[in-house]
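For clarity, chains are labelled A, B, C and D in written order, and residue numbers in each chain start from 1.
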Amino acid sequence: MAADTKTNVAVIGATGFTGEKLIELLLGHPRVTVSYISAKIDKECAFSEIFPHFKGRLDIICKNLDMEEAVSKAQVIFLALPHKISLEIAPFFLKKKKIVIDLSADYRFKDVAVYEQYYKTTHTDSANLRNAVYGLPEFYRDAIKKTQLVANPGCYPTVSILSTAPLLKAKLLENIIIDAKSGITGAGRHASLAYHFAHLHGNLFSYKPFGHQHLPEITQILSDIAKTKVQLRFSPHVIPAERGILATIHGQLTKAMDIKELNALYTQCYEHEPFVRFLGQQLPQLKDVIETNCCDIGLQTEGKNIVIVGTIDNLIKGASGQAIQNMNIICGWDETLGLL
Amino acid sequence: MAADTKTNVAVIGATGFTGEKLIELLLGHPRVTVSYISAKIDKECAFSEIFPHFKGRLDIICKNLDMEEAVSKAQVIFLALPHKISLEIAPFFLKKKKIVIDLSADYRFKDVAVYEQYYKTTHTDSANLRNAVYGLPEFYRDAIKKTQLVANPGCYPTVSILSTAPLLKAKLLENIIIDAKSGITGAGRHASLAYHFAHLHGNLFSYKPFGHQHLPEITQILSDIAKTKVQLRFSPHVIPAERGILATIHGQLTKAMDIKELNALYTQCYEHEPFVRFLGQQLPQLKDVIETNCCDIGLQTEGKNIVIVGTIDNLIKGASGQAIQNMNIICGWDETLGLL
Amino acid sequence: MAADTKTNVAVIGATGFTGEKLIELLLGHPRVTVSYISAKIDKECAFSEIFPHFKGRLDIICKNLDMEEAVSKAQVIFLALPHKISLEIAPFFLKKKKIVIDLSADYRFKDVAVYEQYYKTTHTDSANLRNAVYGLPEFYRDAIKKTQLVANPGCYPTVSILSTAPLLKAKLLENIIIDAKSGITGAGRHASLAYHFAHLHGNLFSYKPFGHQHLPEITQILSDIAKTKVQLRFSPHVIPAERGILATIHGQLTKAMDIKELNALYTQCYEHEPFVRFLGQQLPQLKDVIETNCCDIGLQTEGKNIVIVGTIDNLIKGASGQAIQNMNIICGWDETLGLL
Amino acid sequence: MAADTKTNVAVIGATGFTGEKLIELLLGHPRVTVSYISAKIDKECAFSEIFPHFKGRLDIICKNLDMEEAVSKAQVIFLALPHKISLEIAPFFLKKKKIVIDLSADYRFKDVAVYEQYYKTTHTDSANLRNAVYGLPEFYRDAIKKTQLVANPGCYPTVSILSTAPLLKAKLLENIIIDAKSGITGAGRHASLAYHFAHLHGNLFSYKPFGHQHLPEITQILSDIAKTKVQLRFSPHVIPAERGILATIHGQLTKAMDIKELNALYTQCYEHEPFVRFLGQQLPQLKDVIETNCCDIGLQTEGKNIVIVGTIDNLIKGASGQAIQNMNIICGWDETLGLL
């Protein structure tokens, strides 16, 4: 694409937390124009009527999805939808030769049975699934460059995988327990007493300590990276914050390693990555990654015991920012465009 | 009532913020037993199933309202309901000689036309309205003692009236503007995106700066106390907090007064009141009244200009605590029972 | 002591979070009078001048400590002090036959070397240490009854021990990792940028993932209860909340157990305890224990893997409430006095 | 300055909330390089050591101020200092022909006596004061273009002036009371129990309801804009939020106006302003301006009574963003550079 023309992009599912943040980031991206947005809404209206802070920045109408119109208006289609819905509409866009970046779980699992078990639904598009690439640039950049369909990673998987992959790749980590803490936007924008300010303010709780749907995503990808079957435990929590995930990873080294070796391992893995910041023995603060596309990682050890702490903004590196990073890669642009 | 037997009380509307807090306070009250609770619910179940922190403290079933059963089980009936519903059920309880403490607005307005204008409904019980007493003990204690029906004050009116009445009674205050700030529980327990943690965290907004339904309640009662028609402006806000109201009252003294005179006026008015704390020129902090039945008041002046700041816990002095205070008065008990 | 006279109590260290909360709870206790309070302060003044919400409830002067005066005024002495200071003053009170309830770590470790290693100071009172009893009523009630010196447990240890002891006593739990999350009051009342609202709001961080001073306290007591050396990992976090600790305990059962057996084990252990609520497979919400002396516990399993979640209010069951519970036991009063 | 070279800028006072945010914004500005930063610090170190989220983005050393070095390294000097300190160092930079943008109050008052009364210090630089321009672009753009010394407006004044100036210019507003609510960063980065998370969480308070130092700044500038002496009342509050100011302005119209006329007046005043968004009768939500350089304004009326609500991010439009806007104007760049 020529440097002086802009690429038109569509956001399907524009009114969720993810869709809204995606649009905000796209508006600051120098190479794209947001040309079509849709959401399930009762009354079609200007996006800035729903979100007044977009006034003067994006005044196009947010409509119920019309796939033909989306196709006619955009080259890149972002799907910021609940799982299962993507399965229904991605095939059409792919057939029309559009680039599709799907933020749902629908194309993340190579093993359909795992998807069907955890998402309690039938997978109806194994054809495209074969060509989908898991959009974690730090480990799948080359494949992303060539794909037409990105399965954008989940929020917990992003931080969990980035925090442990260097050690797992070298088969140096075992007995892994991921204790993750997430702000409430991770649960999506739904009217519910469970998300009521008066309920969450000053509150904290554990949920799905076994069997969370992000567990198989984490193990599948880590197994692929480590080239051996990885098993681990994953246990998430909701904290009284709006944004961000901090994952505390408790594990054991398979052999004694000093801090220098550990630092070298992580530095080597990530030193050329624009969005991973390895802090050495300093443990990251959640707040430092909010409103960034960064994953911060720090670690400490005692004997063979290790604690690794990773942080991301769930809406950015954990969703919309990473989606844009993937678009940048596919389009051959500077990977950091619109993300600094 | 004999000191050694307990009085049975019912809470109708048990699952709202107000009903829940009322039950919590009643469980700590030495003279009552919570014998009947109801709410609009899909599936009747133990109250402690809905609110686990009541486990072992109140395990009776929360049912859909059966008025006959309530009558058979309780002597005092608290109505913690949306306005208009009280009108439909209070007459039955009153006929059955029960004491009714209504936390809605339905019996607060002596002038039915004002009620109908602000609450956009028809008042259907003028018979009982005549006998209702406005349950602000600091100004209507004697009448409360003798009534069978208490109209428990609204939250904004409670703090607004208590903060200004001493000056207004003496005709010393004019050009009053009340700028009130409330935690989100003031809006009731409803699933809504407007009350979502992610929306309110770090947020603040003004609403209904003219025409809020608590405005005519404030002016009606202050006019009655001041024995002259009081007019003022009232403008509320929602703050990112769960509980409490802080009202900043901007006004002008009708004559120059020094601090000593002002202190004497407020002290004289409230020195025997168990739940009003006059702080002199120290302005109250919202947090100091949370989980108390107290109204804290402080004031400062510059020439004839005065700023009075009042604070209450909207769920306690602004609703459930004051309701219990009213019950204590009617039953002839120590007014502070269950409230310290 | 006669039922109709009140016992005088002193709080040394009255202005910390713990001291303030202790005084608040003691003011609601029917059998005691707060007769002496002290703190390290520049200017002696009424306690209600420092904390206005005590106005009218406690107006005695808060002084710099005068041990003779404290002895002359009180029968029970609460020490809410930083560690090491208790060592310097407890011996005097004990010699004067006072009951001493020490909220610091100074008398918690039977092994002085462990104390000295973790608290980086010398232990100077091994004489009294011998007679000190660890004040966790659920496991040391009989010894507490007879002691003159209570070492009140730390906040993290209280919830960690209560959550795991039933399984450890039966030697059914191993490979334990405690991932704990605490509100900021756990760090004490200090002016620091690290505790600034703007720093913590929306933040979360891990600290001391190895070597936290509560780790040896947890393992010492659990080893004593389990009658075998217990080892585990303990890793704390600060969450953006004021109060409360939620401990997520990841472990493995030493043999397969079904839910029924687990429920029976915990129920049997705690069914007569007034302040432990076992919720079965429902995981506790932090908020439900705030402002209570309760520890809520829930658990879930998958195969031999188990996650136990425990919650307490760090200032109450984790400090001041438990201190009062210990006083009640020593004085032979109802253990729940002042705590419901 | 040539479009292809970057201008070097210095930030003096880099570690306050304002300095930190200023640097963050400057790093995203396409025409400048942050070439010198200083603060009062014990140990000089890389800025990213103090604030890890700057790692890889700004790694220059943060030193104690050396004015000669600053002069040699930068063309534009931002002073993000407590008042009075600017007075001591600005003259040197001005003599060296640097552009100085002072974020303190030191050059905001044309009447030195007012400054000295409210800031309780002596003004020592009336020479430069004469040439200083009040940096509110919406009303002083032409003068800013030509000045070497900008007195960047205070946070409360920015929102208060922008919200009322259209009406005051037309002499249509009187009896003005500004009830302002600010997040805690407005108080600066200081370690204090008053700013402790545990104190502010769930809290709210009024302070300096008379005599706040921003009052004379507001009236001075509004009088200048209105070409008549403006008097008003100003009363600020701290809310439990990190960022942002919402000002509720209660006033009276001097003549009856319908909504159409009001909308026309504000629209005409601000329609070409890039950073003022007039929302008509919709009242702004604080959150919508956070992380933006915008001031949102809405208003409602009842008869001649009017409530105007204005919002800004105190650290951006109320400080650092506006400082950059002023730099853009002086340098002849697009006014929105680095601010969208």
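Basically, a contact is a pair of C-beta atoms (placed from the backbone, for glycine too) under 8 Å apart; a residue touches a chain by one contact, two chains touch by 3 or more.
These figures come from a predicted structure and were not determined experimentally.
Chain centre most remote from that of subunit B: A (centre = mean of CA atoms). Comparing chain pairs B-D and C-D by the number of C-beta pairs in contact, the larger count belongs to B-D.
Look at where the CA atoms of subunit B average out and do the same for subunit C: the two points lie 36 Å apart. Separating the CA-averaged centres of subunit C and subunit D is a span of 47 Å. Rounded to whole angstrom, the centroid-to-centroid distance between subunit B and subunit D, based on C-alpha atoms, equals 41 Å. Of all residues in subunit B, those touching 2 or more other chains are 183, 199, 201-202, 240-242, 284-285, listed in ascending order. Of all residues in subunit C, only 175, 177, 179, 181, 183, 199, 202-207, 209-211, 233, 235, 237, 239-244, 246, 248, 250, 283-287, 290, 300-302, 305, 307, 309 touch subunit A in the complex they form. Considering their complex, residues 17, 183-185, 189, 191-193, 195-202, 240-242 of subunit D touch subunit C.
Across the interface of their complex, subunit A is touched by residues 28, 52-53, 55-56, 201-202, 277, 279, 282, 284-285, 288-289, 291-292, 296, 340 of subunit D.
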